[in-house]
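Look for chain A in each of the two complexes below; its partner is chain B in the first and chain C in the second.
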Partner chain A sequence: MNKYLGNKAAIAVFVLPALLLYSLIVFWPLVQTVYRSLFDWDGVNTASFIGLDNYKELLDDDLFWTSLKNGAIFAALIAVFQIGLGTLLALAISDAKVKGRKWLRISFFMPVVLSVTVVCQLWLSIYNAEYGLLNKLFELLGLSYRQDWLSDPGVAIFAIAFVNAWQFMGYHFALLFAGVKSIPEQFVEAAKIDGASKWRSHWLITLPLLKETYRFCLVFAVTGGLSAFAQMFIMSSGGPGTSTYTLTYLMYRSAFRINEFGYGSASAVVLVLECLIATLVINRLVARERIIY
Partner chain B sequence: MTILSRLRHRSLPSRILMGIYAIVSIYPLFWMLSYSLKNNNEIYVTNPFGPPLHPRFENYRTAWESFNVPVYFLNSVIVSIVSVIGAVLLAVMFAYAVARLRWRFRETVRTYMIIGLFIPVQVVLLPLAVLMRDLHLQNTLLSLIVPYIAFNLSFSTMVFYGFFRTVPTELEESACMDGASLYRTFWSIMLPIVSPALATMVIFVFLNAWNEFPLALILISSENLKTLPLGLLFFQGQFTTDWGAMGAVMTIASLPTILLYAFFSEKVESALTVGSAVKG
Partner chain C sequence: MIKQTAALLSVALLGLSTAACGSNNNSESQPSASGASPSASEPASESASASASASAEPVKLRIYAQYADDDTKLPYDYAVAELKKEMPNVELELEIQAQDDGQKLKTYAATGNLPDIFQAGLDIINTFKESGNILQLDEYSDKYGFTDAVLPSAMNTLKTDDGHVYAFPYAGNEMILLYYNKELFEQNGVKVPTTFEEWQQAVETFKKNDIIPLALFAKEKWPDVALYDIFASRYDEAGITKLDKGLAKASDEAYKTAAEQLAALVKAGLLQKGATSMNYDQASALFFEGKAAMFLNGQWDIEASTNALGDKVDWMYYPGTDASNYESSKLVFSGGGGPGGYAVNPKSKNVEVAAEVAAFISRKYAEFKYTERGTPIVATKVDKEIVKAYPPMMEKLAQAIPNMKTTAFAWGLSNPKFKAAIEDASQGLMAGTTAEQFVKEVDKAIGQ
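== the complex of A and B ==
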């Protein structure tokens, strides 16, 4: 049996295609990003080694700090919106014996399967200053709150982050709903018999049991927010001014607009580190022990 | 249960919350569908909110005929299908060898593959663009297909790995006794056993490939090779004066994934959220 399952030729046939492709397309470029961040390079001509100068330059670049700040705003906003609302809706839908639960779930999840380009274009028309849905709605309600959502530097980043929050709320909802369903009903029933109200027993019993799910949701939302790109690219081009830059957008602009590949690589490395630190911190904060019923 | 306690059971605040959010979530899509069937006057002035009263299907004709939509659509179909086949096949083979076969470095190789879960695609965009140029793949559909396969590998192999670990070894033992080759065992015994995971990963990779944007943006510039998410972007300028046609293009681009979700909603949800079990 050992000989049968230790067939070297077969193992090579099974393993090598995936292994080589992964190494060439995913892993090797990562090494390259780190390596290139130490060079002054325009992507075509010979590169010259400059050590950590790209990183020093980053620290002096106002755009870098704007990008960091926007990444944090983006991450915080989508984490709070998606996980908060996802929790409320998951609890509500699992409690209420409402008809059409399936339809509710489908409508929460539907935006997740759309392409980010479609969603961004759609929200561009919703935010449109003259004919957009949002301003029309305010008009209908008789509120004088009309405004140009994407051209106010203070508002634009929130408007853009909301688009992501809206699109992927359903994703977190589905995760949390699956988590809630996997908790044995007796747990919450027991708390209710002891006299706790429904929401209180959720607070005391259900939510702590969802720790594992929360950990994943947080990592997903925060790293997704920090590396946000498509929304900026499609909806605002980083503007107005530079008010909606993120690290990925900074990288994109450096490399493909002004041909500073080394500088772009340095911001990519910072992005990886940032995501890594965020993941570690979240894992630290949200306890790791597995819960077994 | 008396009517009174039943009413109390159906707590009102949660139902209001669910109702309101369902509208927030789905109405923009309904609005998009509606304006794809209206003309500008209806969208801007006479009927901005409601369903189209005289559906203008000619918007779809305009969208399909006057721009490159059929080309983009075909490219998306080709890229998605080839990526699905490639990624699922390579991943299931790899996972089988790591989970079931006996060799020395399999744990090391598995860990190495897991690292890929933590590499955001944004981080390798620049070297990847250079690499594709050096391989002379830039501006072919392969420059999308190859990375799409590669970037789905880490995740897919982990899912298949989990499945293969639960299969009892007796299956291979008896196949070995019967004199089946290892390839045959893999093909006719193991693959059918993991077919639920195969279906899950087909959906997962398809949705990823169909909707992918950043790689397509960096790696494709030729008009004839653009996929829908990329092609759609450049309508923005051309169509600012014709919202109806723009809405039609967006609806066309969304239709395949929406239909997929409508028919297999539970399967799609579990395919997209299966990650929580892996990444955690």
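== the complex of A and C ==
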């Protein structure tokens, strides 16, 4: 092993392709984005250097704060729903007594493989205030409760976040299910011998041992939520008004609708920093020690 | 051995990546270099008769144009077929225009890969003018008789504010119509409104009878702006164009009152539930199926509305603040046109031919729309007979057109920041936000 690690050329050969790709596709555009955020630039004509003015303007922009708030709501909602429900379903499916486990496993994962556009169109119909399934369901149940799901500025962001939560719950379920399956059976058996109930052994053994998976899931859910774009783009175009803007949508609006690439880049930089901080905080607070069986 | 192999692979990999970067640089710089030289060095006399020179050798031109539905496909196909007769040596390679706020085109311009001919609106013209990516067509417009062919009423679609031609227009000044279902109005005993007060009463009656007063595809933000503009243009005939140019503020009495009037009507139940998440298909279906009494769209919807509702459908003049305002502002329509159409890449290898082709297909495009698509609203004069008779609604409109004044569509606004702000704020109004919020958001963007 040391022989190979001592061979710098071999290390270079193995690392270089990935490093080159990463640098070209991720790192270089990121550097460009930071650089461009310091300019007043419409994307085509000559840019003029304005230092940190774009960032100052961002802090004064109501849309920026709306976007930031919406990103936080989106991230929180999908993290709670996807990880919470994913855990419950993973624990249920890992129980040998549950019938049709294979079928359920596939069904939970199915929305993940559908295209975002298809899922958004589906939920657009479900949310339709005139003839949508959801309002009809309330009608069938004899309830007078109705919602203008996507046209009510106070409700729309939750309705849209739920679509993402629903679609990608299966992804987190799969990760958590794999995590549950990797826990050695003797731990649970020992608890059973000691007289622990099923839920108690899950609470004291399974869930603590899933910490690393949770960390992973949390990073995915939170960064995915903060950078949400597709659902609002397809379902509400950021509306009604500006009520479902996120930082990514703000970036899109600035760069592509009002020709302010510099300003758009500044919001992209803030988004990257936000995701970076969230990842660092999660890594620091959740599962700091590696679990080895 | 491993060392040697590793070193060899590293060199090969570096070599490959360098080669890749090198070829990229070349491909980026080549079009502009090779594209700029012919047009710059080509003597004007050599290309004085483009048709003559064009007929001598085959020319292939890249064209970036709308080609999405019958309204864009059929006129384009007709124009290309006519071009084949007139200039058989010219071959057009079509690239379908993406609905992406001009991003693909701007990327092409930034990378020196712009097509020879492209469709440009005011936003593209303004951006490309600065960067030298759009050819000034004054000379060609005169040379190919395009300037003379433009209808006097559509001259605003030919020249920009600086007095120059950058694109050959085909569309005239289009406008927003308030369509209504005559049968539903009669059945419910509702008079076609002529004032805001009557409009409010009509809304209340329809709501009471479980009929949607007005179907609006408010997910697309421009119809929201158009609805606001209908109100604003009753108080100031310049409508939203004055705000766009920074000549007025949304907090000015006229514009603020317009927002308040609209907000009140929305609150009374003017629109269908979930309007801001409905697209054209969903909203128009409500009108075509007789579930909505009114519908807002451009005059281009006359054909579809007539097909769906026959003689039950008509359009109304916009209601006014009162009876006298209704009469005085009757011919002020929301909508309008602006400079735009087929433009030419100044770095094209065949600038002369491209300019001639652009002028030719613009005229043929208009010709088809006039003769076959039932619309008199084109930019250029057409000598041919109408093949497809105008529907009655279009006949009625044709009588109003000569004395008509128009404002602007959202997409024709010149200040992109204001455009985005008024689009968002108008959609907010449709979802029930207050007029004060609308005024605040729009005023913030004016003059920026």
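Basically, the second predicted complex is superposed on the first by the 266 of 293 C-alpha atoms of A that agree within 3 Å, B and C clash if a C-alpha of one lies under 4 Å from a C-alpha of the other, contacts with A are read in each partner's own complex, and residues count from 1 in each chain.
Everything that follows uses one rule, which is that a contact is a pair of C-beta atoms (placed from the backbone, for glycine too) under 8 Å apart; a residue touches a chain by one contact, two chains touch by 3 or more.
Please read all numbers here as calculations on a predicted model, not as lab measurements.
Once the two complexes are overlaid on the shared chain, A:Cys275 sits against chain B while remaining clear of chain C. By the touch criterion stated above, A:Trp65 is placed in contact with neither chain B nor chain C.
In the superposition on chain A, contact of A:Lys136 is made with chain B only, not with chain C. When the shared chain is aligned, chain B and chain C each come close enough to touch A:Pro17.
Applying the stated contact rule after C-alpha superposition, one finds that A:Gly43 touches each of chain B and chain C. Residue by residue along chain A, chain B and chain C are tallied for touches, and B comes out ahead.
Once the two complexes are laid over each other on the shared chain, residue contacts for A:Gly239 go to chain C alone; chain B is not touched.
In the superposition on chain A, contact of A:Asn7 is made with both chain B and chain C. Shared-chain residue A:Asp148: touches chain C; no touch with chain B. Residues common to the contacts of chain A with chain B and with chain C across the two structures: 7, 10, 13, 17, 43, 124, 130, 256.
Put simply, chain C touches chain A in their complex at residues 2-3, 6-7, 9-10, 13, 17, 100-101, 103, 106, 109-110, 123, 127-128, 130-131, 133, 218-221, 272-278, 282, 286, 416-417, 419-420, 424-425, 427-433, 441.
For chain A in complex with chain B, the residues that touch the partner chain are 1-2, 4-8, 10-11, 13-15, 17-19, 21-22, 24-30, 32-33, 36, 43, 85, 88-89, 91-93, 95-98, 102-118, 121-126, 130-131, 133, 136, 140, 166, 169-171, 174-175, 178, 198, 212-213, 215-217, 219-220, 223, 227, 229-230, 233-234, 248, 251-252, 255-256, 261, 264-265, 268-269, 271-272, 275-276, 279. Listed in rising order, the residues of chain A touching chain C in the complex are 7, 9-10, 12-13, 16-17, 20, 42-46, 124, 127-130, 132, 148-153, 235-243, 253, 256-260.
Interface residues of chain B facing chain A in the complex, by the touch rule stated above, are 9-11, 14-15, 17-18, 21-22, 24-26, 28-29, 31-32, 35, 43-44, 48-49, 90-91, 93-94, 96-98, 100-103, 109, 112-113, 115-116, 118-120, 122-131, 146-147, 149-151, 153-154, 157, 172-173, 176, 182-183, 186, 207, 210-211, 213-214, 217-218, 228-230, 232-233, 235-236, 243, 246, 250, 253-254, 257-258, 260-262, 265, 268-270, 272-273, 275-276, 279-280.
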